[in-house]
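Read through the structures below before going on.
Consider the two complexes below, in which chain A is the common component and chain B and chain C are the respective partners.
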Partner chain A sequence: MKAIWSVAHNTFKEAIRDRVLYSLILFAILMILSSLLFASISAQQSNKIIKDFGLTVISLIGIIISVFLGMGLVYKEIDKNTVYNIFSKPIRRYEFILGKYLGLAFTLLINTVAMGVILLLIVLYIETKHSGIIQFYYGGIYISELIKAIYFEYLEFLVIIGIALVFSSFTTPVMTLLFTLFLFAIGRFSSDIRLFAEEVKNPVVEYISEIIYRVIPNLEKFDVRSEAVYGGDVSWMLIFYTTVYAVIYTFVLLILSILIFQNREFK
Partner chain B sequence: MLRVENLVKDYATGFLKKKVRVLNGVNLTVNKGEIFGFVGPNGAGKTTTFKVILGFVSLTSGSIELMGEPLGDVEVKRNIGYLPENPFFYDYLTGEELLHYMGELHGLNGDSLSKRIDELLEKVNMTHAKKIQLRKYSKGMLQRVGIAQALINDPQFLILDEPMSGLDPIGQREIKELILEQKEKGKTVLLSSHILSDVEALCDRVAIIINGRVVKTGELGRLFEGIHTNYEMLLRGGDQEALNNLGDLNVEVAKRAGLTVLKFDENVKSRVLDVVSDSGGDIVSLHPLRKSLEGLFVEEAKKDSHIET
Partner chain C sequence: MVNSLRNSSVVWILVVILLIVVSVPFQNRIDDIRGKFRSIEETLYFSSSALEKISLGYKEILADIYWLRALQYFGGTKFQEQNPELLYHYFDILTDLDPKFVNAYRYGGTFLSEPEPLGLGDIERGMILFDKGRMNNPDNFRLPLEQGFLAFLYLKDYEKASELFYEASEKPILSDRRRASIRGMAALALSKGGERELSIQIWKTIYETTENEGRRKHALKNLKVLETKDKEDFLTSALSDYLDRFGSLPKNLTVLVEAEIIRKIPKDPFGGEFIIVNKLNAVRSSTLLNEELRYNRLYLSSRARRFRQSYNRYPYDINELKAYVDDNPAFEFPPHPLGEEYVYDPQTGKVRSN
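So, the complex of A and B:
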């Protein structure tokens, strides 16, 4: 079991020593900061823009990191022959897969927190500037809603890493990238696909869309941006259910990765 | 320590998944406490055999027993050290960090691991590169740190795939000493090489693998029994006419630095000596030419093709 942490730790180390990651995070932070330029407009308006924009940047950068680090997650270890070192040690294959997953999940946690804190500070700064006292409640919305939205975005990253991990366990980074983006797109539009199928009124199309709807994670569930920005109720119940949804999906994806990797030959 | 019986391995290659037989009956027995050499030309199947033994690839047929356990027992690996061929490591780690990671996978940690790492880096002369990222290592340095990581758990059984490759002569000698030291400590070593001289002074026994088959196993000296030895003689002066006639006895005659060089099979030795003394030449030196591994390979490959045709 300790081996899982060793692998996770090393995966994290690899990620944070990667210049690409730094550039992405730096880019995200600059984007979020640049939204301060809007701050000169009326406070309430600018804050909505900043929140919406900030959440979008965090989501986008998080997804890019998940996919781009996820696609080489297992492949690289096989391609560069490091599996020969790892598996000459007393470690089981499932421990390795779990470690790889946790390492990247932790990397994203750190990055999301970093980006999120910056966004929160900016929003807090603007809301406070106008009233002169620290404001956690402004324009009818608690700032905690923003934290919930960021948390939901992180849950989505967890699922996307899982998807990338499944493909990375048996195919090349490019194929993983394509497959993952494809599933991501379907996942983001899954209710649209279902609506479309209902319109078509063809039993085959409806059947297929139903399968897609049930099998592919519905990533729309992780988008509560409009609630956080324009007001709406993100209840504890919703948080609980969405968390369970993400955990179950991730669990299934991990099992799948392990099953694939279990019999993988390191030629 | 290790018993491999009738190991067969097919690889499916290419788009059509065409089967290629890479190992075709490998038999090996490595006994406790010995240094065992696994020798054969490139592409003979040494690395593949190791990969099967360590569970990296599945076997097509045959049986393997590793330290008394059937294949696939993870716990066995607690007592094994392995150096892969052409080691590559995480290039973003320093030498120390790599050893630390590898040690952790063995369940080691804390001060005892740090101490072990320092010891090993000292042993392979890599202390100076402890804090340097592996991306800056040369091939020889990677080989050294690769050997260090194989030793991190003080293994009972050391499996080294081409341990001398990438090292300069000094490095090679150091590694040989290190391997002998392991034997003195009662450990068992299995190493592969495509160069006979690498294993000559080192191994108690060797197995020779050609085209996926072990064709000979035993003490190195004995492997060449029954194979004729060639001799080389250096000669000063002598009647050239007489010497040139030696060609009839299948003797190679050549000139080198003012001397005459004769090469001949041992079964014509006495007749060559007679001719040479008659010619009045002065023998500068006469020594047997050790059959080279390459010669053995060629000979075995010939036998192989006889069987097939």
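So, the complex of A and C:
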């Protein structure tokens, strides 16, 4: 456990050294500028635009960090031969993988929470200025839905880090980037595969499509952004089921990463 | 744990599979709460200008993706759960992205216009989509031709149908023979009594050209209906001759043969038989008659239910129901095909026949 924590801690420190947290400054500047701009040109819809924009930027920044840091998580250590130093210490391979994952997950947690707080403050600021209008157009400010939407985005990051980690365990960063983005794109359109499975008349194709749908990450399930703007029931049951789904899927990815890394030979 | 991992990769792979299986009920519960096709439905609400920007200039491929989604989503069983407005919006976006996509106008416009179960029965939106297609593709003859079919068959606007047929006949791509045939349709659409002849031509064209098996069957059925109606008219005319000659209706149709008014009784194309409707002095096919009666009963019962939604009660009697139906200019109280009165139950709002 101590070894895992040690690797996680180092991964986090490395991410900070890579100036990941600069993204927070970028986010804050973007949000403040956009809120000033949209407030003047959005015909009283700044609340909606700020939420849409803020949640999208949090998602994009989170995914970029997950993919770009995730793709080098393991490969970099091998490429720079630092992996030998690490394994000369009492660290097992599975501890190394889990530590790497947790380090990056923690980095993203800090990042997401900070960006979420910035967004929340701006939304609250707009609320104090235009509460009547927001109530009139949207029926409420939906702060709890906004927080839930950010939480769901974080769950998505956890899965994406896992995907990047699996690929990073056996291939180069460029290929990891491509594979992860590919799986991310498929995951975001998973309901198309589901629809195809239901509509197709050929039972073999239907069966294969159903399996693909069940195996690929259903990233659509982590999107409740529209509820943050228009309201809607993001129930505790939905949060529970989605969290369990993310956790199970992450476990699958971690086991796969460990299995691959376990069987890997270093020259 | 490392050793166990090393020695039992297979076990861990089984664990992975097991976890995926365990995740399925959770996926299903999330789908139950949020809807299975939410993301697809959400894309319907994008505006085409927004999509054009998102596509980064690759508009046509985006239109293709929309097309494939439309075929799967609306072509399956899901369309019954959708409304025509949604479908129109989808095809409007699709054709904004790719205005030359002629088949999108044809498919969308026809599907919107045709009555259930073939389509959604929204002729107005179907016509708008065809209008847009004609504007964006002025050289295409299929769009005005097929729009003419719809105007003639479902809108019953014969003038508009004739104009559209004429427009189609003007397109330079047509052979002389085809041009003459379409001009013939334009003339028939306006001629009195030409309705059935043109209907036969249209359904024949649809039967011969459509690739959709359902539409093909529908066209064949309509052709059979028209053929049956021709035979009904023929026998009704013979019945009138008999009535003029003998002053009363015959007991059955064989009497017409015995009186040498007709040589033989034609066969009902649907396999039923032709019967004399005494109250109307007419001959009808038993198949068409039963179908019409069934449709009228269902239709009138549904209007009674609608009445109840508005007034919290069913109409007191058939006259009140008739007044309610006739009140709406879009509907007409259908006469009983046997010339009798419908039997109406004010307790249940159901319409029956004796």
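Note that in this section the second predicted complex is superposed on the first by the 227 of 267 C-alpha atoms of A that agree within 3 Å, B and C clash if a C-alpha of one lies under 4 Å from a C-alpha of the other, contacts with A are read in each partner's own complex, and residues count from 1 in each chain.
The criterion applied here is as follows: a residue touches a chain if its C-beta (ideal position, glycine included) is under 8 Å from a C-beta of that chain, and two chains touch if they have at least 3 such contacts.
Keep in mind that what you see is a predicted model, and the values were worked out from it rather than measured.
Participant: In the superposed arrangement, does A:17 touch chain B (first), chain C (second), both or neither?
Facilitator: First partner only.
Participant: Of the partners chain B and chain C, which touch A:221 in the superposed model: first, second, both, neither?
Facilitator: second
Participant: According to the stated criteria, A:83 is in contact with first (chain B), second (chain C), both, or neither; which is it?
Facilitator: A:83 contacts chain B only, not chain C.
Participant: For A:3, decide between first (touching chain B), second (touching chain C), both and neither.
Facilitator: Only chain B; A:3 stays clear of chain C.
Participant: After superposition on the shared chain, which partner residues are touched by A:92: those of chain B (first), chain C (second), both, or neither?
Facilitator: In the superposed model, A:92 contacts both chain B and chain C.
Participant: Between chain B and chain C, which one contacts more residues of chain A in the superposed model?
Facilitator: C
Participant: Please indicate which partner A:192 is in contact with in the superposed arrangement: first for chain B, second for chain C, both, or neither.
Facilitator: Only chain C; A:192 stays clear of chain B.
Participant: A:206 in the overlay: touching chain B, chain C, both, or neither? Say first, second, both or neither.
Facilitator: Neither chain B nor chain C is touched by A:206.
Participant: Common interface residues of chain A with chain B and chain C?
Facilitator: Touching chain B and chain C on chain A: residues 92, 263.
Participant: Considering the complex alone, what residue numbers of chain A touch chain C?
Facilitator: 92-94, 188-189, 191-192, 194-196, 198-199, 214-215, 218, 220-221, 223, 226, 235, 237-238, 241-242, 244-245, 248-249, 251-252, 255-256, 258-259, 262-263
Participant: Please give the residue numbers of chain B that touch chain A in the complex, ascending.
Facilitator: 11, 51, 54-58, 74-78, 80-82, 84, 86-90, 92-93, 97, 101-102, 104-107, 149-150, 153, 159
Participant: Please give the residue numbers of chain C that touch chain A in the complex, ascending.
Facilitator: Within the complex, chain C contacts chain A at residues 1-2, 5-6, 9, 12-13, 15-16, 19-20, 22-24, 26-27, 29-30, 33-34, 36-40, 42, 69, 72-73, 75-76.
Participant: Can you tell me which positions in chain A touch chain B when the two form their complex?
Facilitator: Listed in rising order, the residues are 2-3, 6, 9-10, 13-14, 17-18, 80-92, 263, 265-267.
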